[in-house]
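You will see chain A twice below: alongside chain B first, and alongside chain C after that.
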Partner chain A sequence: MDTAVPSRKLRLATTSLAGCFGCHMSFLDIDERLLELVERVDFDRSPLTDIKTCGPCDIGLIEGGVCNAENIHVLRDFRRHCKVLIAIGACAVNGGLPAQRNHLDLGLCLQEVYLTAPGNVGRQIPNDPELPLPLDKVHPIHEVVRIDYFIPGCPPAGDAIWKFLTDLLEGRTPRLGHPLLHFD
Partner chain B sequence: MASETFELETAADAGTLRRVAIDPVSRVEGHGKVTLLLDENDQVRQVRLHIVEFRGFEKFIQGRPYWEVPVMVQRLCGICPVSHHLAAAKALDHVVGADRLTTSAEQLRRLMHYGQILQSHALHFFHLSSPDLLFGFDSEVGRRNIVGVAAAHPEVARKGVLLRKFGQEVIRLTAGKRVHGTGAIPGGVNRALSREERDDLLADIYTIIGWSRQAVQLVKRLHAADPTLYDTFGTFRSNILSLVGANGALDFYEGRLRARDADGRIIVDGVHVKDYVNLIREEVKPWSYMKFPFLAALGPRDGWYKVGPLARVQNCDSIPTPLAEAERREFIDYGQGKPIHAPLAYHWARMIEMLHAAETIKDLLHDDDLSGSDLMTSGSRNREGVGAIEAPRGTLIHHYRVGDDDLVTMCNLIVSTTHNNQPMNEAIRRVARRYLSGRKLSEGLLNHIEVAIRCFDPCLSCATHALGRMPLQVELLDANDRLIERLYTGS
Partner chain C sequence: MTDEGIETRRVEKLLLPILDGHRRDAGRLVQILRQAQEALGYLPAAALTVIARAVDLPRARVEGVAGFYSFFHQNPVGHYRVLFSDNITDRMLGSAELIDRLCNKLWIERGKVSEDGLVSVDTTSCTGMCDQGPALLVNGRALTRLSAERVDRISELIRGQVPLADWPPDYFVVADNIRRRDALLNTQWPAGEALQAAIARGAEAMLSEMKLSNLRGRGGAGFTTHIKWESARRATCRHEPAARYVVCNADEGEPGTFKDRVLLSNYADLLFDGMSVAGITIGAQQGLVYLRGEYAYLLPALRANLERRRQSGLLGPALCGHPDLAFDIDIHLGAGAYVCGEETALLESLEGKRGVPRVRPPFPVSEGYLGQPTVVNNVETLCKAALIAVHGGAWFAGLGTKQSTGSKLLSISGDVESPGIYEYPFGVSVAQVLNDCGAGNAQAVQVSGPSGNCLAMHEFSRHIAFEDVPTAGAFMVFGAHRDMFEVARNFAHFFAHESCGFCTPCRVGTSLVANCMDKIANGLGSQYDIGEIFKIHRLLHAASHCGLGQAACNPLFDTLNKFRPAYERRLRSLDFEPAFDLDQALASARQMTGRDDPAAHFGLAARVTGVEP
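Our next item is the complex of A and B:
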């Protein structure tokens, strides 16, 4: 056993903003090591738990960019509560695939999908106050809050996420060398 | 359909009611929330599951070269990327004129897909839903997760994690990567399986089949421990829809559309997927970005339907592997001649499917075609293609048109979870009425709503991207039913 393991369990929160959940799947791709990880960290808010708001945490993992007002709210909340905030995957780092809509006019997009498409019944653009306001553009998360680390990849491999987290847990500066660092 | 349908969707006096939100819905994939409106007597008056994001994928894929699509489109959804990858590849097979793949290519794609079904079903059951079922719906919130399962039932958690791992490894070896691989290309696949890779998987597959059988037994034990709860929780009647393979067999990769009514009578059968536009319409409601599909012939009030494991296991006539077929028969017998509509029975059906996926992987691994070298085919170019597949969560339809310059001009997707939009809303309304109305709402009571949603294993991630856009198709046939012209509007 590594004697450097901190006596206090660290708290880890994760969330998905405008992402596809693939980065969370890659996180689960640490496989059996997940059972080892939970010996060393407690989960706070995460799609894997039923904790709905982020409390004080050591580590926050953010998947996905920012595409609506709700995302901004959640992201700021994570920044306030997490000592170390990590952008995980292409979408969080630079907007990723959802940002492909940035060259289109959002209003026209909505119109085409909900108004002009035939075969639809009840033509209207969803506009209920319960739906968070979509942003005109999809933004990388560092445009909204300060980010401590960026892990590229779509998604980064489970091994990369594991290396990164164990470095952090053991008090080392996280380092991903080749071949863990990749962009596809 | 029961008269309760659509009750609690909209309260007339919404402005005067108290709002309670479950935001975000957790232990599901993707982003959604539920709102409840209650009156002064704590009676529930309105319940809605909202899909809160808009992405517009169909719009921005326009103008991209078609060969990018199978790789791009999986970024819709990191939970079942293989389903999107393959549905797109199947649609584009028709564009490149590959109406029949080589046997090797088809078997490799099947292997990839059944690996996906296995990992996705394991993930859903063990990592996401099992805490509710093992600990109780209103058990302590801090424990209701895979960590709690690992503490209380370490063997269950470990097998769950390893079942998912095996499925992910099947995907990695056929697609190159566990998430967002590149194995399928229009007209075939880009790699075969080596002997060593095959032997590695074969070394584990019998253990995986054994654990899958245990998973079915576990669900049956849970069911038997409290049959009333499992039979009635959120239960509503509806039609069902899925692809059905040759001879009525369960087939996740290839088939034709079949729908049954709530009593199990066949409404339509043998519908070619390219005719989906005539079968399905979609309704827009102002409070969700996800549309509400229904069978065009029956209309929005009566035409909505369930998809996914519970629909598939009861829609097919048989499962073509012996262990899963025996389990299917037991399941059907449990219904005593009537279709089972209980949302919690989704878990039972899902584990039967996981067992079937494991058995099928074993059969495929024994097929020498997997290491064949004849992987690609093509024919004369077409301007459009429709591809459909049974994704882990239900029927998934991709439809593309491609110009002579190889650029996509139209894309329409109907994703699995979208079909289940109305069913999920129905389930949570029944649960709200039965368990929440008139009570002081506690966290545990609110979790009942989420338990109902989790039955469907919704992938709200897909649902937010893919909005469904129904092109209207007009076909002009000559007296011999030969196609003379096909027209579209609205694209």
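Our next item is the complex of A and C:
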């Protein structure tokens, strides 16, 4: 019986929903280890490849929460195609900064921004079908699809992301101890 | 002078006698706040300022304490504050319909004060009247055996602004419902009998009898009582002047438990004897009873009893005529916080603070009330100690089982013919108890309340004893027609409400679990959510600061293992469903933009057009 870890290259997809791409920037902070990573994984849909649709993948990394209809379509697409789906960063995990709008009424917000604010009187709220409609509240992604792992942090450090991914690739349950995971 | 200044002056004048009555002692802050609220109807900002100044505490500390207890209000709650007991047994007796009925009659919304400031109606955790529910508290007074007629009459009394003192007295009758008596409940001694027996034995001999009896605590944890007593007696007092304390835990908050209520109303002398016995045995001169706020109606009788004992020399200096002995007892009232049943949280509350459990060790026997050696015992435990003082330890050890000596009071409620108090020697089988109380068609028994065990039919041959099924006394029976999922959901909300908020696993975890249960109840759950409950259960068990968090998922864990179909039949899918309606979440934006195209929808409409598979 072969007890070695299978050497097949894994497929990795990443995307940012209601996020700031800060987690992706942090991902790039793994620096030259990125070369080591591409030895072991192929990138599918990701800002790094500019591939626009997600194919069958082993790992999906999602940055950002869910704030509009398009986010939900993308997130569901990732869930359908990725064996393991990971929420990365404070927005994906908890809603983060965009969720600050949750205590405001969406209708009043749109009205204020597009109709009643100085200089906007008489205009209309954008209604082009190409624009995704905003949800009434911003949700963390685990409230919309099943999520397998969470990497907290705003953003998580490059080292934390590296540790997490290498754990995953080598078959260990990912574990971020101190100081990669800390609350101060 | 500013309006604020005038208000402060007015409040100050009302509060001065209360503050002086408590010697402006910060350690009595909870008691001061209780009385201040009685005088003012609620605790306005000015009152907190006045109190903080008088007891010389930062105002934030005082507000922190006022904010901790659910019976303290910093906003007006109405001239009549109606709180329905929300235990599952009350619900099984139809409390939800009665709440709606009362709200309709009064033209108010649940949880909101009527516009004229007359009344508010809300729910509170179990009030300890499960054998005669549905029950409620109105301005802290307990009403039992509610019915539609009673609720209608209550709405008339409130609208007519009839003072509580003029309400029909039978509304306030609390029946004892003692159904089976054994060693403890058969006892009818004159006050002081046990105390004199203990004095005759002497402290060391009394301790030996306690050791011989192998009495274990009746509040749930089952710690051996003589070890507590002996440790407190031998512990060094860390503060001058040296003092030791006996504290009686009468904060009977575990839903489904009401045995202490019956002991406090009928066996108070036995309890006070037990406390005095503990006092002279460990060398304490002061005893404190921490009485749960829900039982405030017992206070006048208990105080009168203490006064009687003082006059007959059973309390105070020169106890029973012995100039070298002295012991007195004071009663503190809680203010609606289940967590204060935990002994160190109780001590914090006794010291006038928020009821947050302490880090142990040090244990109360070495550093308890005011940092001094303290024995904290349950009401029933202290009554048992009184029996041992008279009959001796060997007699007591002859009752019950090897590791669970003596008898146990069970508070039986739910789907039974005769709810009430049943006293059995330890070792009795669950089936025997069910048979005695007339539980014809039981599918489950929740033993020892939500934090205890849920037993299914195949376990009814098990025995009530520390060796098998330990209990603090609650015994809630669920007939075959009951939905065990709803039972567990009620308990999940109970823990989320009662978490003290100090540690994150419990504060957040109990709410996550309650949300999960609501999601499943709304038909939006999946196997994933059940997996989440198990995950949170493990986390709470391992990471919570005290027993509340550690036990919070027990009823879910038990029912998921024994009544899983009650959960599964509510699940929407085997994968995952969001707890909110995606299409509805776009409704506001649709309305504001006037859009109705396929991309502006999720669900059926979108599916037809092929946008969303």
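To be clear about the criterion, the second predicted complex is superposed on the first by the 172 of 184 C-alpha atoms of A that agree within 3 Å, B and C clash if a C-alpha of one lies under 4 Å from a C-alpha of the other, contacts with A are read in each partner's own complex, and residues count from 1 in each chain.
One rule holds for everything that comes next: a residue touches a chain if its C-beta (ideal position, glycine included) is under 8 Å from a C-beta of that chain, and two chains touch if they have at least 3 such contacts.
Everything quoted here is computed from the prediction, not taken from an experiment.
A.B. asks: Between chain B and chain C, whom does A:32 touch in the aligned arrangement: first, second, both, or neither?
C.D. replies: Touch status of A:32: first partner only.
A.B. asks: On the A-aligned overlay, A:110 touches which partner chain: chain B = first, chain C = second, or both, or neither?
C.D. replies: Both: A:110 reaches chain B and chain C.
A.B. asks: Given the touch rule stated above, what does A:126 touch, chain B (first), chain C (second), both, or neither?
C.D. replies: In the superposition, A:126 contacts both chain B and chain C.
A.B. asks: Counting only touches as set out at the top, which of chain B and chain C does A:143 meet: first, second, both, neither?
C.D. replies: second
A.B. asks: Return first, second, both or neither, reflecting whether A:72 touches chain B, chain C, both chains, or no partner chain.
C.D. replies: second
A.B. asks: Of chain B and chain C, which one contacts the greater number of residues in chain A?
C.D. replies: Partner touching more chain A residues in the overlay: B.
A.B. asks: By the touch definition at the top of the document, which applies to A:154: first (chain B), second (chain C), both, or neither?
C.D. replies: Once the two structures are laid over each other on A, A:154 reaches chain B alone.
A.B. asks: Using the superposition on chain A described above, determine whether A:179 touches chain B (first), chain C (second), both, or neither.
C.D. replies: After superposition on chain A, A:179 lies in contact with neither partner.
A.B. asks: So in the superposed three-chain picture, is A:24 touching just chain B, just chain C, both, or none of them (first/second/both/neither)?
C.D. replies: Touch partner of A:24: chain B, not chain C.
A.B. asks: Going by the contact rule set out at the top, does A:134 touch chain B (first), chain C (second), both, or neither?
C.D. replies: Both chain B and chain C are touched by A:134.
A.B. asks: Taking the two structures together, which residues of chain A meet both chain B and chain C?
C.D. replies: Chain A residues touching both partners: 106, 110, 125-127, 132, 134.
A.B. asks: Taking the touch rule as given, give the residues of chain A at its contact with chain C in the complex, in rising order.
C.D. replies: So the residues of chain A in touch with chain C come to 69, 72-73, 105-107, 110-111, 125-127, 129, 132-137, 139, 143-146.
A.B. asks: Spell out the residues on chain A that touch chain B in their complex, using ranges where they run on.
C.D. replies: That would be residues 16, 18-26, 28-29, 31-32, 34-35, 38, 42-43, 46-52, 67-68, 70, 96-98, 100-101, 103-104, 106, 109-110, 112-114, 116-128, 130-132, 134, 154-155, 157-158, 184 of chain A.
A.B. asks: Quick one: in the complex, what on chain B touches chain A?
C.D. replies: 22-24, 26-31, 33, 35, 48, 50, 52-56, 58-60, 72, 74-79, 81, 123, 127-128, 141-142, 144-147, 150, 154, 157-158, 161-162, 164-165, 168, 177-180, 277, 281-289, 291, 300, 443, 447, 450, 459, 461, 465, 467, 469-472, 489-490
A.B. asks: In the complex formed with chain A, which residues of chain C make contact?
C.D. replies: Those residues of chain C that touch chain A are 526, 528, 575-576, 578-580, 582, 584-595, 597, 599-600, 602, 612.
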